[in-house]
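Chain nomenclature is as follows: A, B, C and D, assigned in order of appearance, with residue numbering initiated at 1 for each chain independently.
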Amino acid sequence: MSVRVQPEPFDAGAELTAFSAIASGAGAIVSFTGVVRDTEARLSAMEIEHYPGMTESAIAKIVAEARDRWSLTEAMVIHRHGRLAVAEPIMMVATASPHRADAFAAAEFLMDYLKSRAPFWKKEIAADGASWVAAKDEDEDALARWQP
Amino acid sequence: MSVRVQPEPFDAGAELTAFSAIASGAGAIVSFTGVVRDTEARLSAMEIEHYPGMTESAIAKIVAEARDRWSLTEAMVIHRHGRLAVAEPIMMVATASPHRADAFAAAEFLMDYLKSRAPFWKKEIAADGASWVAAKDEDEDALARWQP
Amino acid sequence: MIDVLYFAWVRERIGLPKERVETSASTVADLVAELSAREERYAAAFADISALRVALDQELSSFDAPLAGVREVAFFPPMTGG
Amino acid sequence: MIDVLYFAWVRERIGLPKERVETSASTVADLVAELSAREERYAAAFADISALRVALDQELSSFDAPLAGVREVAFFPPMTGG
């Protein structure tokens, strides 16, 4: 299991290669990459604030819960903070399992919980000012489906 | 949209990097990689037979249906045939969308349909003989959830 | 004349991947009956039709489908890709 | 003495990321009331508590939770990671 919280950019392809190499015995590998997107071509950057200390422990707890729920041979979370340029990767999740349904479910679970339960806050920096990204109701709703 | 049916091995990490580069405008990228696994250390190889011509058109149809159902900026399918060594990638699916739920659902949909509706047949080659992999009821059942 | 293709264990059991067949069968099931009557290896391959799938001109179809206008029929076990 | 941390727009509104607070508040809600009474910027940040989240010693908690034994309280808006 690997959890990294870092300001540096990362290469999702290289990370998937490295993850696949250690995920031996798994037939199914799922990855999710979140990218800074700029739908209306107005963003100049994104800033991500986090809560050092709590961030790592909150993510570790979410990963541990995923391992309890599904048969995973490996799991990985990378999440950046600080200033990110448009088109740069924000974060990545990867899961490996003998069963594709488990790998998919665990990756979606990790994403849903990282969205709303890990202490990160996004701020969009545009030419006309900066604004904090508001939490979406749908992200909170997404957690409901994982309730036992 | 890209569909490749090939005997050559491929590098899932390099493919994810290339896919991410063309999937501009998408905030969410999901990948699935299927790997030849050898749970009981008895497999020496896997052989995949396919139906040239139908394979490509069946996959293209599945990808077109995924594009109809979800908001995808890009989708990719690579599937190998011929003789594969243990730990080599068998196939890969990648989806890109502005919404993570769409990227995940489309990738799972593609996998479920590729499993049971694209004309590939797997044969396991072991020291003590070769045997065709039987289709699983659960793979057929997995299609039911996508019925409208 | 129709091209008949066999894949996976159907191909192995019948012993060839493809053949041209002169037939006046009106449905897939009729063609299966004709082939099964030929030789034991065909009868063995087609013994349990519920374990087989059929494609007509490279589209999945069913055993009661008509053969009129069809140029290529393929028989194979349930697919195991992915 | 308790460490109080602020993140995102809560930090911006209050104007500092962290402070040590001398308090005898018994719950988070009591602490919020004390802080809000200090100055307008605190009152503004805590005006709508339903828009805020609180963590006690780096664990998500609730506004009616007791503060006994807690060394670090953090206030922030709903998280937007991922």
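Everything that follows uses one rule, which is that contacts are C-beta pairs under 8 Å (C-beta built on N, C-alpha and C of every residue); 3 or more make two chains touch, one makes a residue touch a chain.
What you are looking at is a predicted structure, and each value in this text was computed from that prediction instead of being measured.
Asker: Which chains lie in contact with each of chain A and chain D?
Answerer: The common neighbours do not exist; no chain touches both.
Asker: Averaged over CA atoms, how far is the centre of chain C from the centre of chain D? Could you give it in whole Å?
Answerer: Going by mean C-alpha positions, chain C sits 72 Å from chain D.
Asker: Approximately how many whole Å separate the CA-defined centres of chain A and chain C?
Answerer: 48
Asker: Centroid of chain B to centroid of chain C, CA atoms only: how many Å?
Answerer: 26
Asker: Of all the residues in chain A, which ones touch at least 2 other chains?
Answerer: Touching at least two other chains: 34, 100, 111.
Asker: Where does chain D touch two or more other chains at once, residue-wise?
Answerer: 82
Asker: Under the stated touch criterion, can you name all the chain pairs that qualify?
Answerer: A-B, A-D, B-C
Asker: For chain C, which residues count as touching chain B in their complex?
Answerer: The touching residues are 5, 7-9, 11, 55, 58-60, 74, 76-82.
Asker: Please name which positions on chain B make contact with chain C in the complex.
Answerer: Where chain B meets chain C, its residues are 34, 48-51, 53-54, 57-58, 79, 90-91, 111, 114-123, 132-135, 139-140.
Asker: For a test of understanding, state which residues of chain B touch chain A in their complex under the given definition.
Answerer: These residues of chain B touch chain A: 11-18, 20, 24-37, 39, 87, 89, 98, 100-101, 103-104, 107-108, 111, 142.
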